[in-house]
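For clarity, chains are labelled A, B, C and D in written order, and residue numbers in each chain start from 1.
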Amino acid sequence: MIKGSLTLDPKIIRQDFPIFQQAVAKPLVYLDSAATSQRPSKVIDAEMEYYQKYNSNVHRGVYRISVEATEAYERAREKVARFINARSPKEIIFVRSTTEAINLISQTWGRTNIQTGDNVLLTEMEHHSNIVPWMMLCKEKGASLRYLEVDDDGFLSLDQLDSSLDNRSKLLAFTHASNVLGTINPAKEMIRRAHDKGALVVLDSAQTTPHMTTDVRDLDCDFMAFSGHKMLGPTGIGILYAREEILDRMEPFLYGGDMIKEVHKDSARWNDLPWKFEAGTPNIAGAIGLGAAIDYINGLGIDQIRAHERAITSRALDMVQSIPGITVYGPKDPDKRAGLISFNIKGVHAHDTASILDTHNVCIRAGHHCAQPLMEKLGVPATTRASFYVYNNNEDIDMLIHGIEAVKGVFKL
Amino acid sequence: MSEDLYKEIILDYYKNPRNYGTLENPDMKAMDTNPLCGDELEMQIKLGESDKIADIRFNGKGCAISMASASILTEMVQGKKIEDARQFNKEELLGAMGTPNLGPVRIKCALLPLKVLKLAIYSHLGKVLEGDDRNL
Amino acid sequence: MIKGSLTLDPKIIRQDFPIFQQAVAKPLVYLDSAATSQRPSKVIDAEMEYYQKYNSNVHRGVYRISVEATEAYERAREKVARFINARSPKEIIFVRSTTEAINLISQTWGRTNIQTGDNVLLTEMEHHSNIVPWMMLCKEKGASLRYLEVDDDGFLSLDQLDSSLDNRSKLLAFTHASNVLGTINPAKEMIRRAHDKGALVVLDSAQTTPHMTTDVRDLDCDFMAFSGHKMLGPTGIGILYAREEILDRMEPFLYGGDMIKEVHKDSARWNDLPWKFEAGTPNIAGAIGLGAAIDYINGLGIDQIRAHERAITSRALDMVQSIPGITVYGPKDPDKRAGLISFNIKGVHAHDTASILDTHNVCIRAGHHCAQPLMEKLGVPATTRASFYVYNNNEDIDMLIHGIEAVKGVFKL
Amino acid sequence: MSEDLYKEIILDYYKNPRNYGTLENPDMKAMDTNPLCGDELEMQIKLGESDKIADIRFNGKGCAISMASASILTEMVQGKKIEDARQFNKEELLGAMGTPNLGPVRIKCALLPLKVLKLAIYSHLGKVLEGDDRNL
């Protein structure tokens, strides 16, 4: 591939995203897809179609539009199952977000399976969503929390993984890709090693499922969590994947309508999978929208998306690093990183960088990115982060570079 | 779904259920609920020579679809070997009812009797539902 | 008011709801708003506008569209607070649904405050969402569950309330209106009596907040739960209200991003209210849509909505009851019931009734309505239920009656 | 928000913070974090005669807005009675910074120093934040 040429044509892709079609003085340079992505018309239309044509509750309705809603909702589940190569749609639980999915695991499987003296292994690059639930579980149970270190290049050590796991290690929970460093972790290999030591594995794929092939059977993870809103889908919908035999043995998380088979005054019997874990009216429109997002991604091709982002990231890395006074965090090799770059300008706080970039219509995130332990490790209070998706193009990177120069100008650097 | 879901055959079986009731000392039995409506259905079976279904009864409360389905199913498997009854598939049942297009909600009413029958047989064989039967 | 004349004009109101504007052979007769309501264009448009114009994550973004999203999200919270007359938006927690709200209470406040030997008082007319969480909590804690009985007319007895509460009664949890019987419970009086005995109160207002004035300060409830999707809002968004001093003392429910102030490797500090209870990316579009639903309701006037539904219900009650062979459940006085009617046709299962009504495009619910203990009490496996909202009109009732006659025809009754 | 958020005054205070540092045996102090970015800020105060603020210092890490705000705030309350400092309102501070329209996110950066100051004073008085101060 010629340097600078892109696999997908963002000019065409951007036409699918209404936000880029707004008439505004300056074009929107959206570089914050790791926080939340934009949504294509197909996703918005799928939600609208539900609201306008067959709006009704699912599962219990006998009438036509309710049957349609039920079918659309369950079809979305099947799309998710196929997208991550699950064995069955029963392994797909609709939740609100990655965060809810991980809390569900810790509060059900965790409460039952983690005992005093056990340990849970995390890494220093986890998002708060994959730290605090385990911290609180370990506190409640008298178990201990261990962290795999991140080295200076932003990588985890497999040797340290082996030496950290012992016969009281019940769980390894880690992110497939760091939302700060971009590091793509060797998930399959890490999972294999954890299984060798008898630990189960929670994979936080919030930053990878939207951007590259995720195959739960090949990865062999026991649990996986990701969010619809980071993969072109609506807000308020996320996925917990778990192996069926684990879900079968797990206690429910929330109790109420739809998750039961029978309720009497002093006893209840749970519904079959996956509904046992979906109490109350779910986010029906959200699930249907997520199904449409997956169709859209499949239409482009997830490998094409990864190749596109790799090209953008590679170019951005080169250009950002060549600016004097800039520190870039994480791996230097674009093959080893997801489509995002965290950096700091010497003498300028991340927030100020983001504020000034905003005056150039460049949307970039500043802060701790919900990864404060990693910030402590890096020795900075915050970083600025640019993150990419299918709709980003070379001009976006040019605007970023231009904006960084403007920041240096304001601060007279 | 249309009104002719309620064909004569369904209404007839609903109003005059066959094999409704209970058996003394059945060799197999099982019960399950339709979570959609709370309807309960039980099946009881007595085995005869060479593992054939000698007698079969169902009881419970339910809609016309599930009651007719239970009646029709019991008639269809009566006299069958339990292995053949275990392999009985839903298309056959729906065909006999004359209601191939029930939609995903009402089909659960029609298939509840088949699920309960299979639960009885599998548990008699010391097994749990397998294959397509898991999705009944 | 002249019998049969309506306070609001459904013909005009229906124009606001796209689903009634679809070109279909038979008009949609939607009588299942107690399960989920339809959504007006204003709500759908508010969600679309977010997705199309300022789609981004909330709270942490420095750039313009993220600031807009944050403001819109927090403005929605203020609208909810004003709508139920909360003291402050801090008392409004965005959750997925009534079900999640009640589970949140039971798993945080409940786990801390319910001890062995305590009791929790429910009523026989509760929805599974307001039964099973308490059943499981009581089982976990060795506490007991008590049920206030429903009498033959569908009412609770205040005397029995007094005699059921003792000094180990920590909580009364009940529904403001039954989703099966329609009974509107005397919530303010019940709350006063529970408080007199030292119990806190959870009010399930899923069936009332959409339809009549709800004033948490006047009611003086400690907790309240309701769902956006039943009040013209999107799916996937619901509300937990609780008094600020209670929320202040409560442990968080889910852990992760946004609900923290600080995270270190082995400790964390929680964020201020209300965010302490909102871990992870929330349903941003859903909250904004709910805000628009409240605007729409305020535009019509909640008292007008109640009057309209009362008129429809009164007419429907008269007409349904006059059909031979029909049993109607719940209070006979339309002033004492919410806008819904449950009934059975002798000799016909509720599911069959609903299926045949569906062939006339009449959408009606059949089943246990997630209230199996009440079904046991009524001695029926299921009922059919017609429920009303602003967009229903007299013709809808006529279609219902016509449909019931058709059911009787099919079953040759 | 526009680039001239970063007026000379902000940049000057950011690059040359006044009253940055710590005090020995302060009479009051408090610390808080901005959850948006994790920035921490501490304020320390020494009281002089008739309950006036004799000396005030802040420390921590933060953006230009919060650092400038802290500097400006300490200058403004120096010499004030603690009751007057308790009543000091955000409009005054934002006015002095020349940045009335910060938007809801960046305003938290500007107001963090004021919140920390109030936390110090209220806890010195044995109170918790009340009124508008609870929403800082």
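Heads up, the rule we're going with is that a contact is a pair of C-beta atoms (placed from the backbone, for glycine too) under 8 Å apart; a residue touches a chain by one contact, two chains touch by 3 or more.
Not measured: the values here are computed from a predicted model.
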Neighbouring chains shared between subunit A and subunit B, ordered by label: C
Farthest-lying chain, centroid of Cα atoms versus that of subunit C: D
Centroid distance [mean C-alpha coordinates] between subunit D and subunit A, Å: 37
Whole-Å separation of chain centres (CA-atom averages), subunit A against subunit C: 32
Rounded Å distance between subunit B and subunit D, as computed from the means of their C-alpha atoms: 75
Overlap residues in subunit A, where contacts from two or more other chains coincide: 60-62, 64, 66, 260, 262, 351, 355, 358, 366-367, 372
Touching two or more other chains - residue numbers and ranges from subunit B: 1, 36, 38, 106
Complex contact set, residues of subunit C against subunit B: 348-352, 355-356, 358-359, 366-368, 372, 375, 381-382, 406, 410-412
For the subunit A and subunit C complex, residues of the former touching the latter: 18-19, 22, 28, 30, 32, 35-36, 38-39, 43-44, 47-48, 51-53, 55-57, 60-66, 96-100, 102-103, 107, 124, 127-133, 135-136, 145, 147, 227, 229, 234-238, 254-258, 260, 262-268, 279-286, 351, 354-355, 357-358, 361-367, 370, 372-373, 376
Complex contacts: residues of subunit D adjacent to subunit A: 1-3, 5-6, 11, 36-40, 61-65, 106, 109
Partner subunit A, residues of subunit B touching it in the complex: 1, 33, 35-36, 38, 103-106
Subunit C - residues contacting subunit D, complex: 59-62, 64, 66-67, 70-71, 74, 260-262, 269, 271, 275
